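Some structures are shown below for you to check.
Below, chain A partners chain B and then partners chain C, in two separate complexes.
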Partner chain A sequence: MPLQSLDIRRRSATTTPSPAARAAATPEVAKLIDTSKCIGCKACQTACMEWNDLRDEIGTTTGVYDNPRDLTPQSWTVMRFSEYENPKGDLEWLIRKDGCMHCEDPGCLKACPAPGAIVQYANGIVDFHEENCIGCGYCVTGCPFDVPRISKRDHKAYKCTLCSDRVAVGLEPACVKACPTGAISYGTKEQMTHDAAERVVDLKSRGFEQAGLYDPAGVGGTHVMYVLHHADQPGLYSGLAAKPTVSPMVRLWKGATKPLALGTMVLVALAGFLNYVRVGPNETRDEDEDQAEREKEQTHV
Partner chain B sequence: MSDRHSPDVLVRYTPAERLRHWLVAILFVCAAASGLALFHPALFWLGGVLGGGAWSVVLHPFAGLAMSLAFYAFVRPLWHHNRLEPRDRAWLRAMRDVVDKREDRLPEVGRYNAGQKILTYVLAAALLALFATGIVIWRVYFSNYFAIGVIRFSALLHAFAAFVLVVGIIVHVAAAVWVKGSVAAMTGGTVTIGWAFKHHRAWFREMIRPSGGR
Partner chain C sequence: MTNHWVDIKNADVVLIMGGNAAEAHPCGFKWVIEAKAHNKAKLIVIDPRFTRSASVADLYLPIRAGTDIVLLGALINELLSKDQVQREYVTNYTDLTFIVREDYGFVDGLYSGYDESKRKYDRTSWDYERGPDGFVKADPTLAHPRCVYNLLKEHYARYTPELVERVCGTPKAKFLEAAALIGSTSTTTRAMTIMYALGWTQHSTGSQIIRTAAMVQLLLGNIGVAGGGMNALRGHSNIQGLTDLGLMSNLLPGYLTLPGQAEQDFDAYITARAPKALRPNQMSYWQNYGKFHVSLMKAWWGDAATEQNHWGFDYLPKLDKMYDMLQVYELMADGKMNGYICQGFNPLAAAPNKAKMTEGFSKLKFLVVMDPLATETSEFWKNFGEHHDVDSSKIQTEVFRLPTSCFAEEDGALTNSSRWLQWHWKGADPPGEARTDIAIMAGLYTRLRRLYEADGGAFPDPIVKLSWPYARREEPSPEELAREYSGRALADLYDPKDKTKLIRKAGEQLSGFGELRDDGTTSSGCWIFCGAWTEAGNLMARRDNSDPTGIGQTRNWAWAWPANRRVLYNRASCDPAGKPYNRARSLVAWNGKAWGGADVPDFKADEDPAQGMGPFIMNPEGVARFFARGGMADGPFPEHYEPFENPLGYNPLHPKEPRATSNPAARVFKRDREAFGTADAFPCVATTYRLTEHFHYWTKHVRLNAIMQPEQLVEIGEVHAKELGIRAGDRVKVSSNRGFIRAVAVVTKRIRPMTIEGKPVHTVGVPIHWGFKGLAKPGFLANTLTPVVGDANTQTPEFKAFLVKVEKA
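Now for the complex of A and B:
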């Protein structure tokens, strides 16, 4: 979505400030996914398809409820089902709606080399602008949650937009609209954090001692948050990262390396040029030719 | 015999060697421009060399792969000239005299000086690293076969190796432009005997021996 509908805070591969003349009146937003209220109906997946006009290929069943099995360029959100036997011996069905977490410190945006292909709006949403995407896949390398997918059809990267186009005109994301149990809600990040805290108190009173909010600090917090019954073990939810961060290798690659390498290249080129003008061209003089000639003749005598 | 009438030049590079060198050079320009475009936003405009960002992503790996192979073909027959000798150490110690153009103070140099030899090894090592890591981060064909940690490490190492390669080539070009007669050696194939006498005396003596040459 272009600037006229949402203010941009950060753009990929851009060293100058983002357009910032308008004061961002919009507060930061967040989607809150309460896993304890989710019934796994996949209405959110369907709503996502409908709104974003996505039609994935019909896959094959593999004996589990996950369908499709993974995020794809055509499936920007996927419900992941896991069966967990708790210490009491009871079975818990933990269902997590997977998709882009809209990190406050987005690894994809940091890694992206194409100017303006990934933006972060003032409200916190991280969005891909496919018209600027060059298909390198660095966003996949940078993402701590394995979310972006490169389309085989056009070699562009796709993921959940948090329905930035709906949000821009004051609507809630399609998945939120469709959720029949109220497991997905949308509002300001502040409001969602507050609502989550209330729900966590509620869950604790119902015996989920470790209930909590998943808003990982390692990526500066996220604009998609989970209420988890087992917040102490996010990995139970189909491998949700316990402490996600942008990899130190990605940070080094896209951090100090860039100015240091570019600076060194410029300095070496400059040193070569300056030494040339200092000592002058290294020419072969006539006496070199004469000496060489003499030595050659002696050798051949 | 007819020595007095033969032109006072020595063959430094055969036509085949020159063609291989310039093939490497052209492919380097393609790979480096497109690679630097992806490395730093300040250089994104260099992607225009291969037709823009998306074309750079498509063509860069092929240019890099072809460069590695062409470099191998170019350097393999010349590799033995690059064996380091004791006198190379003295040459390196006298680096100050090298940049000051005081070649009279330098030890005798064979076909290649210590700087050229080390550059050959550095370029070969950088290209090997670029080749291996480049396969890993070649998204369309290969990245799906590698774990994310390996891809991240490869992306970092690829950037580092490319940095080493580019710095090496900057030094190479600066030296070639500075030492007059070098570019002519790689374009026309010959150097004057004075050039050889001044810059590569041991090689000069080897070449003028009656049984000399290669």
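Now for the complex of A and C:
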């Protein structure tokens, strides 16, 4: 990985420290998706495909507006449409742009066994470096939002990059640029949190008393956040996780068990070394005996 | 639009009805979101379906397709009875005080003067009473029983909230909630904007639906003010330019009209279109009709337009009737047409009743299709299985396909809904053999002209004498054409008040239509565009978006017709003394000597308001009309008539008068009437519409759009689906009396069952975007289903309400 504009803070399965000589040039960033301004037009989906040179299959209609039906290696973001009849008996059409949430504590990166296949930049963006990906799918298991998809063509994992290439040169992500209603915005996480608070006040004044910001603590917060009319029920938005956390298996695997495993490995190595110094050199084989015999004869000549 | 896109941010209430702005105009819809986020605006959406617009609305009202006049009429009744009316505005700026002729009448759904055999009205009685001075009679106390106010009140007293629930299927409580919110904008500091589109125009009563809404806006004082207006969202670039340039069978550029065959006399033709003022000291702007018309003729025929041939009037065709799309296809189906040229038009897909279209095209000798894409029309003769099942061996029509560039491959101006002419520059050269439309039309014209020059003909003058002053005869440049429609002086022009003062030298571009003359010394190809390209250059190419007042009046961005005015009727934003009603959103004001402000005043620039001139200077009475006089074909007040295919079979307002079931003044051809279906065989109300992922029948040729919405679908309500045993994703067959389509069922809560006059009625949604050409999955043309009948005034087809049945495929 060449030194680039975005500083890498963390890499998967790597023990050498990340470069730290220069100060992080950008503060932590976030994309804010305001579901109360989103009209589900899919301009973001199209912009994503255009910028990233992706072209999904021309699929089929399955009886809903969602198309493509799910995230794929070619569709890094999709709109999910959900019809909800509220307790007053009024219909709400809750539309959510789904895609990578760019967790502050990314389960995918934790789970990934391939050195440098998943990185997190100093600004918080979580990015896949597919050249290092071994296609094991552990990131899929590790993701609390079911986002990464493994390509059948090259057996590598793909997902939204938060347009790290655009962001690195001071541009907003392609979806933000394309959004016609301003439902998607981008900036520092601090600014986005502040803007969201304003939107929540507006929504509360319109009767959405449980309006709020979705920035779940279980994954350390996210760098993609939602303004929700019903922040108390994220599940209404096509099953958005209410309390996402990194899977306990991943935590166990890369958390508590990691030092144990490392300890075991150290013990094995140590045992080997001790065995070598204590036993190894004292063992003799037939060749050694022959060699010794030959040397003895030569000294006598 | 009376107002413009950016101005929507000034609204306090936004009503979207007869349109689905979020879906069909997502970019412009940002201003609704802006009004909500920064002006605390409330959004009301009224639609048969819970749409993408409804998904961000504060209040949604369902309505049965085709009953908009009932709901809007009840709104008028509600505003009048609750006195939520901008009093000063309506008494000074509308015709409420005027007295209507005694012989005007309205009995059981029919207005005075009806001729059943012709399905037409004699409109003589639909007028104001005049005094001996020729001016209208008025009663400022509103006491006279025949003043417009009392007639209006009486007419809409029948339109009650209960009727709304019974006929529209809109819950009464929801209606009253919306009415209260709408009524809140009758104050001078609050404004409501109305955004509508083809959901209103595509009805047999379309023009009258729009009039009813405009009447609501007048009562509230919402016309001419920032954040208000009647805003038609034009769905197609360049459809606003198309109407402005008069591409209708009976129109000339700038909303001038062609003479009828009874109008052979030039002076009588002009006089009929230049009405004298109906009130003292009133400006009647159409008095200038002659200047606009003669300047147009000079642009067309140049030196050949002379006083002797009445400035080219003698060259104009005199119409025996309107040759609108439906009339033309009737003639085609009758085998009375030999050839047809489709320019940027896919009528097999876009016109009603595909079977009739196919029959008509099959009777042509030749068909020319100018289009960037391989359209369905251009392959109407080919068999595409069940999607288009024809026997090619029986079709002899010769089809010529002339590939054109698309808008992004040429320079020129497009006119948006805001009436802005925005110049654009091409992004790429057209592929292959494609040429611009200008090059193809010029090539056709120069060849035809040579044939007429060589062989003569019955009346070759209008063709061989057409002015053709372009540097490249085979391809005039967009710049040359733009300078021509804007206009120039043909002789030195002197100030009429001071004959020594030279205003403009011969050959110079004119600064605006105020400089046009009717003596052959000026030329302008479209008077409302006059001033778009002046001596200062191409004003349409301006890109300065500075907004000094903060209310979105970016007067140096592009150029708006007329006269770069951004909000029409803006004089009405001030009180009679000329003070702005709302100082925070002031458009214009009287400063004691002149009118001026954030906008170009829509008024005589130096007219002292104390003189009492009315603000609606395009009407000879100077005020806005509740009573349309003879301006509408189907009545001076809008009345509810059922769609020609409706689930009831009668008009709930006139159950005993079968002549008033559907619009009595709408033209219906015999074969089309025979093709109508009835509710016993086709019990569901269908409506066609667009989805945001696609644009008409174009984008199914585009891979990205095809990915977003790949396959034909229809939308049916959950209750309806359950009754039929249909699950989301099942294939269904939707049929009307004219044919059937098959598509995937989207089963949704967004379409609710309705009870209309005690009878359960289901709505079926039919998006239009599929066909048998393109990259998306092949499908049926939605207009296989639709009936052939148009609005009584415009002949826009009734695509938004007809009858179907749904079955599991």
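Going forward, the second predicted complex is superposed on the first by the 261 of 301 C-alpha atoms of A that agree within 3 Å, B and C clash if a C-alpha of one lies under 4 Å from a C-alpha of the other, contacts with A are read in each partner's own complex, and residues count from 1 in each chain.
The rule is simple: a contact is a pair of C-beta atoms (placed from the backbone, for glycine too) under 8 Å apart; a residue touches a chain by one contact, two chains touch by 3 or more.
Quantities reported herein were computed from a predicted structural model and do not represent experimental measurements.
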Partner chain in contact with A:Met265 - chain B first, chain C second, else both or neither: first
Which of chain B and chain C A:Val169 touches, first, second, both or neither: neither
First, second, both or neither for A:Ser247, with chain B first and chain C second: first
Partner touching more residues of chain A, whether chain B or chain C: B
Chain B versus chain C as contact partner of A:Ile58, first or second or both or neither: second
First (chain B), second (chain C), both or neither touched by A:Ala21: neither
Intersection of the chain A residues that touch chain B with those that touch chain C: none
Interfacial residue positions of chain B with respect to chain A in the complex: 1, 3, 8, 37-44, 52-54, 56-58, 99-101, 103, 137, 139-140, 143, 148-149, 151-153, 155-156, 159-160, 163, 166-167, 170-171, 173-175, 177-181, 192-199, 204-205, 208-210
Residues of chain A touching chain B in the complex: 13-15, 113-115, 133-138, 140-141, 146, 150, 155, 247, 249-250, 252-253, 257-258, 261-262, 264-265, 268-269, 272-273, 275-276, 279-286, 288-293, 295-297, 299-300
Footprint of chain C on chain A - complex, ascending: 36-43, 45-46, 49-50, 55-65, 67-68, 83, 85, 90-95, 180-183, 199, 202, 205-206
Chain C to chain A touching residues, read off their complex: 22-23, 26-27, 29-30, 33-34, 36-37, 40, 50, 52-56, 58, 60, 692-693, 703-713, 727-730, 744-750, 775-777
